[in-house]
Each structure stands twice: as structure tokens, then as C-alpha cells.
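Consider the two complexes below, in which chain A is the common component and chain B and chain C are the respective partners.
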Partner chain A sequence: MTSTSGTLISEPPPAVAAPEPVERRRPRLADLGTPLLYLLSLSTALALAGLLIALVGQSPWDAANAMYDGSLADGAAIGQSIDQAAPLLLVAVGSVIAARAGIFNIGQEGQLLVGAAVGAAIALFTPGPGPLVLILALLGAAVGGALWAGIAALLFYWRGVAVVISTLLLIFVANQAVSYAVNSPSLLREKAVAGQVTTSQTDMLAESVWLPRIGEYPDFNIGAGIFVALVLAVGTSLVLVRTRLGFRLRMLGLNPKAAHRAGVGAVLVGGGALLASGAFAGLAGGVMLTGNGHRMQDGFADNVGFDGLLVALVARDKPMLAVPVALFFGALRAGGGFLSATGVPRYIVAVVTALMVLATVFPAAYAEVRRRRTAGAA
Partner chain B sequence: MIDDLAMVLGSSVRLTVPLAFAACGEYIAERAGTINISVEAMMLGGAFNAVWGASMTGSASFGLLFGMLAGLVIGFVHAEFSHRLSVNTYVVGLALNALVLGLTSFLLDSIDLTGHQVDALNIPVLSDLPLLGPVLFAHRWPAYLLVALIPLVWWLVQRSRFGLELRAAGENPQSADVTGIDVRRRRRQSVLLCGVLAGLGGAYLAVGEVGAFNQNMTAGRGFVVIAAVIFGGWTLRGTMAGCLVFGAADAMRLALPALGVHLNSQLLIAAPYLLALLAMMFLAKTHRQPAALGAPFVRGIV
Partner chain C sequence: MKNMVRVIAASVIIPGLLLTACGGGSSSSSTTEAGAPASAGAPGAGTLPANEPDVNKDKKVVIGVMSPGDTKDKGYYQSFVDEANTYATANGWKLVVVDKINPANAVQQARNLCRQKVDMIAIGASELKDALSAAKEPQCKGTTWYISGGQGVTQTAEFTQSLDYINESLYVAGYAAGLILKENGGKKAGYITGPDLQFARDVAKAFEAGIRKVVPDAEMVQTYTGDFNDSGKAKEAAQAQISQGVKVIYPYLGGATDVVTQLANEKGVPALTPGTDRCGTPGAQYAISVIFSPGAYFAGALEDFKKGTLRMGVAREWHLGKDPVPTVKLCKPTGDQAQQLQTLIQDIGSGKVKVDEAVAAGK
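Coming up: the complex of A and B.
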């Protein structure tokens, strides 16, 4: 049986049931091969978005041009795209860590907010030299996100509450908790200046605790956040693939029973992975706070937590693959800012993003179903 | 005093009705084993399409049908992706939520909509009762559909052949499969039903209570519905009680400031989620969720 494998194409298939299905049937969509199927699927998604724009009487080409101007046309635009990509990448890398351990954390939006709020509290109220406070704020943001994810970890390992549900529900609790903090004068709300009405936002961070920027303003310039994100993406990739901890984590995700027999502590490794993913989301919040907005206000999270999670899904839980995907999503976000001039609502970016996600999960799933069906028929 | 009480209670019931429609659907989906997080998308899509349909046809009642249709379409996409292609159901749900939020916001800015609202139906005699009358018997007419819908859903899930197979698909899909039940088909059907009912819930919110569509109109009500099913311990009775409690929390948030009572509004908004988390925490042993809840079904893989 084993010796028949070779280049003997003209030989008839063996009479014994072969482990592989016989490859002689009508050509199907799946035979195109996965790369081509991806191409087809993604172009369908883009075509649908274009069609939508055309249906409401706008020009898809103008929209595409505006998106290009906002995301890739010159140095400043490319810098914008990269700035948008940094928090997405951080959230995505965190999601990957949890997913590889077999834990599906979907609460990054909340963890990001809590992280940013903790970071804001540290950055606003800690005296000291700027760089030190900045580092403390970023670390605090990571700890804040980790603790918020820790609630879900505690509920899961103590009471068996499903992580998906608890992380989802905790997003809305985080929204309100942070909104309370930002609205309370005794907490984070901006301090009254004589003759000015305060609104529900925090004070602007002192310039000394802003993330440093590289490059000159009118031309190419990016915040340091992307370097933090890249270093962590590479580091995570190495830890997952090359270290004992990474091996245990992946083992837990692939087969919890085998992992248990092999002595992998589910609580320690799995819970740790969940906390780590919360920390990455929190850090993303810290980077957004110190790198871009410099203050917290309503709508601060701006779906970055959800989009970052989608980046991880599109990248199929591979940290290095998340880098180009995050850059692409970041470019979409940056380009969306330029849409208003064309009359196309910027919400089309969310539509394109979501269609991209569906388009990237489709080919693999379709190929899998085809494979199972033909295997069953043989 | 009685008037204030009637106002708060009446607005509680009004805010409960959309939740209750959608929760009936989510209850069916979860009993079949799907934690359907795209219920938010279904409600939002239903709300938008209801207003759009009402604008096109000029009739708010037709709008309700359009809303149900939007929910059905979203349910169809969800069902095909997660229970035919076996894509992780949360992935599909997240993508659909983002898609529908983006799409409705996009269309809201791109097309003209006119406001329409279905008629109120005051039940004769009963609506004149003190307190009870305005609270229970003076609503927009689709609200009374719940009186028939809730027993119907209960019968469908607990007493019909279809419901038995549906529950089997949610409790033990492997056994259900070997007894000849098409698990994935039952799950797809349950998501479709959820789509129709959640679409109706969203449509009721739009053309029933408000009469217009705003950007992100449902504002997380779909997630409140999921919380209600969890809070109710996966029973229909408990789910409806959850909807009532969460509707009341919403009503108090809106009504209390006018009555001069100060209760933290953030706490009231967060209350449904906190209560659902507490319910899962402390009632985990007695509340029995469908055993295969959230687990995808692939034949032969245990």
C-alpha cells in the first residue's frame, strides 16, 4: 500500500479502499485551489461594497480615490494608516494568544477601555518625569486590561461561566464604568477652569507623557505605538512557536485532555493566556490614549477592540500574518476619514471591513466542507 | 403618585416589548445550541428595514413585515455560515453585527426616510382601569401579538416534535444525529426563527415606539436580550421575566430624573449585564444551560 505512492499517474486506482479520495470527478469551485478562491471571495466583497455605493447614487471610483488619498497617497497618509494599525495589531496579537490556548475572548473592546482609563488616571495624576510616567501609564493600561479580562477568567475557572459570554457582557459593564469615571468630577472628568463649562471628557494629557513621534508633521510621521506593537507581535510569535510555554499553550488549545495528562495547568496557562490577551487590549487603549487622542471622551474605543479581534480572525490566529492584515484595516480606517468630501458616508469602511472578514472565512470553510463531502462519498 | 407609578410601569412595559419579541427568538436559537450574538444585528436591521419599508409603502404595518424580512435575511446568512459551512458562530456574529451597524448607518445617511408609526390600540373598558389600564391595555397594536406569541413559542419548543428535535440538537447533537435528526438543519431553522422574531422586535422599536430610525438605534438591546435568556436560565418564563426586569431598568433610567429621584444612570444601563453575570455566577448549578450550547456540530467528532 505504501509503495504505490509515486508518479504512476496512468496506473488504475487500487481496488482496496484508498485513504485518499479518488481525484476523478466533475471540476468544482473548490478545485480552483484555495488562493484563487480567496481572490474570488475578496473581489466579491469589494464588488458588493462598490455596488452599494453605486446604488445610492455615488461614484465607487471617487470613493476608492478618496480612500487612497487618505491612506496611501503620500507620507502623511501612510503615517496615518500605520498609526491606525498600531492598536489594531496590539488587540489582534492578544486575541491570538487567547485563541491559541483555546479560549475565545471577545471582550477586547471593554478591556481596551478599562486599560485606557487606568492609563489616563496614571498619566494625569502621577507626578514625575514624563518618560517614566508614560511607561507607567502604558504598563498600568496593560494591567487594567488584564484585570478586566481577569474577571472573566475568575468566573470561568471558579464558577464555570463561559468566557465568550462573560467577556461579551463585561464590554457593556466597562462602557458604563468608564463613562461613570469620565463623568465624575472626583474621578477623571476634566477640571473646571474659571469661565468654562466642563464636558464629559478627561483633561488633556501633559505633552511630556505623549508617545514620541518620528518624522516631521506635514510629511511622513508615525507614533511610536507601531514599534511597540511590532516588537510584541514578533515576540509573541517566537514565544508561541519556539518556547516550552508556547508549546504548552498551543497543546492546551488543540487538545485540553492531552494537555491535562501531560501536566499542563489549564488554570495557569489558559487563565494566563486570557489575562495576556486582556493586557494587550489594555495596552492598545494606552497607546491610543498617549499616541493619538491624548484624552478620553465618549466613543473613545471606536470599535478598535472589535476590529482588532476581526484582524486576528482574518489572520487565522497567526501573529505575523496579523501585521499586514492590521496595516490593511488601518489603511481602511485612515482612508475612511477622507470619504466625507466625496459624499459617501464613512460607514462604508465598516461595511467593507465586515465583508472582508466574511470573505476571508468563506474559502477555508468551503474547502473543508467540500473535502468532507467528497471523503464521505468515496 | 399613581400617575407617576403608571408612567414608569407603562414605559417599562413599552421598553420590554421589543426585548420580549427578540428574546423569544434568542431563546429558540439557544435551545438549539447557538449563542446567537448576531441578534443585535437582526434587531438593528429589522428596525432600519421597518422604517425603510414604511417609507416606501407608506404603511407602518407593512414596515413590520419588512423588519421581519431583514431579520430573516441576516439569520439566513448566519445560519448558512455557521451551520452549513461550520464557521465559528461568534466570528459570524461579530462580522454581521459590524456589517449591519455599518450598513444601516451608511444607508441612513444616503437615502431619505419618512417617519411612520403603527396605530395605538386601547382595549375598550380594560384600558379605563386605574393603573392597570394605561400600563397593560394601551399600547401600539403589535405589542398584543406577544400574548399569542409567548404561548406559541412555548408550545413549539416544549410540546411539538420540531421542538423536541430542536432541544435534542442543543442538548446532545451526537445522539440526535444517530437517531436521524438533521442537527444542522434544526439549528439553521432555529436561527432563521430567531431572525424573524428579532427583526420584529427591532421593527417594533422603530415603527412601534419611536416612529423613526436613528443611527445604532438598538444600542446594544440585542446583547440585553442575550443577557435575558441567560438570566432566565434558558427557560421561556425566566427569559420573559428577565426582559421585564431589564425593560424596567431602562424605563427607570429615563423616568427617574423627571421624578426628581437620582439613581446612577450608568449603573442602570449596566444592570442587565451585571444581573446576567451574577445569575450565571450564583445559579450555575441550578440553571442548566443546553449542554451543547455554543459547540459547533460536526458529524463523528465528539
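Coming up: the complex of A and C.
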């Protein structure tokens, strides 16, 4: 008691020390713990999704069944989920590399698109044996993505333009540039067939340039893209944790000033990380092109770049953790596609899928915000 | 390091287990008997799938509709679904509509429909032609395929298609617009569409040639907004064109069509429909209905399907002046406008007017 009241001062001291007042505070979300937070957010998302589906006159139970049928019910569905996961994983691993160097690349959607366009150009116009052209197309896709990310690196290290802003804005440029390419007969637009109208897409790639598939519809079947993604995820994880380069990269991300004093070149390591991130996104585009669809159209990227970024966020920038998260997101995408094929309106499917993604991302994002607050307070 | 080894092991083992658990599953039961041979003496007339319309013999008829556009656009894409709905309701069939399909996902969406054992997959536009590659896959064997092929999709034995010809309907649409221009003393027409695509250019060319048949010195202002459904861009383009003095406007759009027409209505500029008959319908008022809706063609195919006579491997052509659709009509003709229009339609149908040559000549 710090009162200056004479009455209080004159009171005899208590015989027993009063107990310390218990600090009462409102319960926080963090008190729930991560598993409970996941449970809470997923339950909320499921409830909202069910409500929305019921509101458009469909059965939530049937919709849940359709999501399951489309993602896990049989071999074809599981294969489809894994196929969807492959480019997500590649994008996510690339995002992790940049994030570990302290660079927030959010332009994977554009890098993927440019990578796929470069890959398509190589696959369509390079003569040679199929497997060689396939490898060249994938490498070309990676180089295309890296160069596109390189523009942001150049702007950042030369002019100080924030990477977040430049990579984001470069997505719009990539969309327009690729759209122009697939609409121009002199560039990538499909060749005209007598009596037919061509549309804004490339020619179909020759079958010899397709990524091999294991298994056949309607049984379990997957494209080789997932193996490419897994190998690169494992390799990246090892490089980040076990090599000098990985150490320098992490040091740059954790404390750029200390890294500078230790002789880590920010331009070389940081710029390299951004280029590598773009290369992974470009390669994801190459895998999508040669693994599924086998031609490019407007809208080719289909939000894979953004979803891959979310995979990295949920995986908390750990390449190996990105594997199961990418599989989960792949299952969501496959299930969502099947759900829309059952007659549930496309916009509802989009909202349901987005709710599930949000529910998955929320605990990780919340933990990240909390970590930063704690670090800031310290 | 141990944790990493565990994670790596899990990543390899889990897919392996899934492979073991799921590989070798038998194919779905959606197989069908081999199609009956084409009618004798009719080479190239395709094959007739057995048991139409219940081709997979599961005692129900399910039609899966695939559309690249919004099936609530009150126009081209909606007409396809409306027709299918009419048949489905009248015959107790089930309809599954999947719209706004990205062409890159067309094959997968077709497979998803096949897995639901649909009896027919109907594709609303040739942008989704890649979906047809699923027709040969085992899970799609019990399915008949129809595509609204527009100018044409390379024909194979697995599907049937409807064909129409841009030059016929759009040349006559231009002619009708020319009649209106002549009446209101205008010399300038507007054409607003979405992406700068080859078929959109072809449409513009035929439309302009038709206008110039009536008003030889007419000009046409073209705007490509980049999106068939972006109402904001379409309205902006219409405002710009009207301020340039266009006296008739063609919103060759999807979901953004009505916005342009409503603005045109306010400014007293007549408008044309992109595919459907909207004469006298509530809402936006049209002066000319240019009718080439895929729904009209699909109706013919559904009728055959219902009767069990829809053949795969063949294309049905729809010609202006020979078939009820495509056609063009003036909603409120004055003087002898209707007669002039009808004469041109008949001349094209009879071959008296060589429409391709007229379009190539630009008048």
C-alpha cells in the first residue's frame, strides 16, 4: 500500500502477510494450444461450409462425401490429390528458401506462369528426343521463373523496391505477357487447323515430352512430378540444415547486420535465395505443363502459386513439414474439383475450399503473429 | 537428425502404403456394350451407343453439362443449361452442371463426371475440347459425348458435335444492324467483346461486312475488354463508343452483355443479342436477336438421345436459312425491314448469296 493517508499509516501491520493479488486476465486463444486451435478453426470452417451448402439447397453430408470421393476414396482420387500436391510442394519449398533468407516472395503465381510459358516454348519448338526435350523444358521453366523473380531481386538491391510489392505486381505483368503469348500466332498460340477456330492456348505438347505417369485411370496413378518435388524438398532441407550455404542463408534471415559483419553477401545470398524461389515456382509450372493438361491457356496458374505460399506458411518454413501440408492442400483441391462436378455451384465450392484453407492457415498465422509480438516486446 | 530421418521415412512410406492399398483396383462398373454399327450403307455415319438414353443401364439418366462460362449469364452459356434442364425435368432425368471450368482442368472435370456414371457429357463450347480426350479412358466407357463445336472440333468416333458458321449468322446480324443504321441515319456501329481472340475478330469481320452491305461507308468501332464478364470494363467501353457517336451497338459478351444494353437503352442506341432470342423479354431491351444459342442445337441432340438415335462420330451442321436456328430477327421492324432481312436469310440458305465471299470482300 502506498497511500499517504494518516489513518492507514497508523494501522498496525498485519500479523500475516497478505497474499499477492492474483493477476486476472482474459483467456487468450494461445492458451488453447496448437492442436486445440486447429480443432477449433477446422470445426468452425466445417460448420460454416455446411451451412453455406445447406443454404444453396444441397446436402452438407453429400458434399462431405463428394470431397472425400474426390480426394481419398479410391486410387484415382488419391492419385489426383498427389498430382495436385506436386506443384504446391515445389512452390512451398521455394518460398521456404526465400523466407529463410528473410525475403518474402509472394509472386510465385507469376513466376510459375512465366516458367510454364518458357517450358512450353522449349517443349514445342525444340527438336530432339523426347526425354531430352522434357528435361530441357523443365530446366527452362525453372530458369524462366528464376529470371522473373530476378527482376524483383534487381529492383530490391539496385533501387530498394520492396520485394513484397515488386513480386506481387509482377504477377499482373506475367498474366498479361503470357496471355499475349498464347493469343499471338507468332508466339505460342496453337496452330490453325483448316475449318476450325483456334482458341487462346498453345498446341498440345508431343506425348514424348509428357512427364511419365505411374498407373492408369481409373486405378491409382500419379505423375512423376511428385517425385521431383519430394527429391527437391529433401535436398533443400539438407542444404538448409547441413551446409555452409544453408547456415549463411539462415543467418541472413535471422540477423542481416550480424550476417553482414560475418561476411555474408546479402546481394549474393539473398538475391540467390529469391532467384531459387522463383526457379522452384517456375519448375512447378513446368511440372503442371508436362504432367497434366499438356498445354497452356489463360488462367493456367489456377492459384497454385498462392496456395503453395500458404503451404509454406502452414509448414512454418520447414521443407519437410511442407510435404504433408502440400498433400493436404492437394486433397482439398482435388476434393473441391470433384465437389463442383456434383452440381454444387462453383462459387460455393470456392468458398468452402477457401474456408478449409483459412482454417488450416489460421493457427500457423496466429502463432507467427504471436512470435513476432513476443520478439518485439523482448 | 533423427527427426529428419523420421520425416523423410514417413514421406516415402506413406505414399508407398497408399500405393499398396489402392493399386490394382478394378475399374468402375460404368462400362457399356459396344456401340451398334452405323446404319448399313452409311459410311462415316458413326455408331449408335446401345441403350440410349440410359447407356450405362443403371436405370436412371444423368446428363453432365460442362461449361467454360457462367451458366447464369442470361445468354449463350445459360441457354445450353436451360435446354438441358427442360429435357431433364420433362423426362425425369438428373442434370449435373459444372460451369466456369478453366480449360486447363477440362479433362479432370470430365473424369469427375464419368466417375459419377453420367450417361451423357455435354460440353457447352469448344474451349473445353480437351475434355474429349477422357472419352477413351476406361471410366468413361459408359458415356456418350456431345460438344457444341462451333466452327468445329476434329471429329473422332467417341463424340457427336453440332456445327454452325460464324459468317452466316454474323453477316446477317450486321445486315440487320445496317438496316437500323440506315433508318436512324447513323454511319458508325460499335462492337464490344472480351479477349482479343481469333473468333472474336472473325465475328467482327462478318458483322462489319453485313453492315456495309446496307451502309457501304459505315465505320465500326471495336473494343476488346479482355473479359466477357467484366461489367465495369464493358460499360466503360460502351460509354466511350456512344460518346464517339455509334448508333447501334453489339455487346458480344457473356455476363456483361446486359450492362452494356441497359446503358445503350438509356442513350437510345439499339443493341443486338449475342446468341439468344431476347425480343420482348423483361429487363434490357434489344433491337435485334441474333440467335445461335448452343441450347437450340443441343435440343436437337437431346431429342435424338431420348429417342435412342443419337450417333457418335458424326457432326450435325446448322445452317442459316435451312434450319430453324441459327437465325436473326428484328424485334420491332419498320417498313419492309423484316422482308429485306428474310430475303437475305433465304438467299444465304439457298446458296444464292455466297456469304464467305461476301465477308472476305467486306460487304
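The definition used in the following text is that the second predicted complex is superposed on the first by the 307 of 378 C-alpha atoms of A that agree within 3 Å, B and C clash if a C-alpha of one lies under 4 Å from a C-alpha of the other, contacts with A are read in each partner's own complex, and residues count from 1 in each chain.
By definition in this document, a contact is a pair of C-beta atoms (placed from the backbone, for glycine too) under 8 Å apart; a residue touches a chain by one contact, two chains touch by 3 or more.
None of these values were measured; they are calculated from a predicted model.
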item	value
Which of chain B and chain C A:Leu52 touches, first, second, both or neither	first
Which superposed partner A:Phe328 touches (first chain B, second chain C, both, neither)	neither
Contacts of A:Asp298 with chain B and chain C, given as first, second, both or neither	second
First, second, both or neither for A:Phe156, with chain B first and chain C second	neither
First, second, both or neither for A:Val173, with chain B first and chain C second	first
Which superposed partner A:Ile165 touches (first chain B, second chain C, both, neither)	first
Chain B versus chain C as contact partner of A:Met320, first or second or both or neither	second
On chain A, the residue positions that both chain B and chain C contact, one per complex	179, 183
Residue ranges of chain A touching chain B (in the complex, touch as defined)	52, 56-58, 104, 106, 155, 159-162, 164-166, 168-170, 172-173, 175-177, 179-180, 183, 303, 306-307, 309-310, 313, 345, 347-351, 353-355, 357-358, 361-362, 365-366, 368-369
Residue ranges of chain A touching chain C (in the complex, touch as defined)	69-70, 74-76, 78, 80, 82, 179, 183, 192-193, 195-201, 204, 215-220, 226, 230, 233-234, 237, 241, 292-293, 295-300, 302, 320-321, 323-324, 337-338, 340-343, 346
Chain A contact footprint on chain C (complex, rising order)	4, 7-8, 10-12, 15, 18-19, 22-25, 27-28, 64, 95-100, 102-105, 107-109, 111-113, 115-116, 126-127, 130, 137-139, 150-154, 166, 195-199, 202, 226
Touch list for chain B against partner chain A, complex	35, 37, 81, 84-88, 90-92, 94-99, 101-103, 105-107, 109-111, 220, 223, 226-227, 230, 264, 266-267, 269-270, 272-274, 276-277, 280-282, 284, 293-294
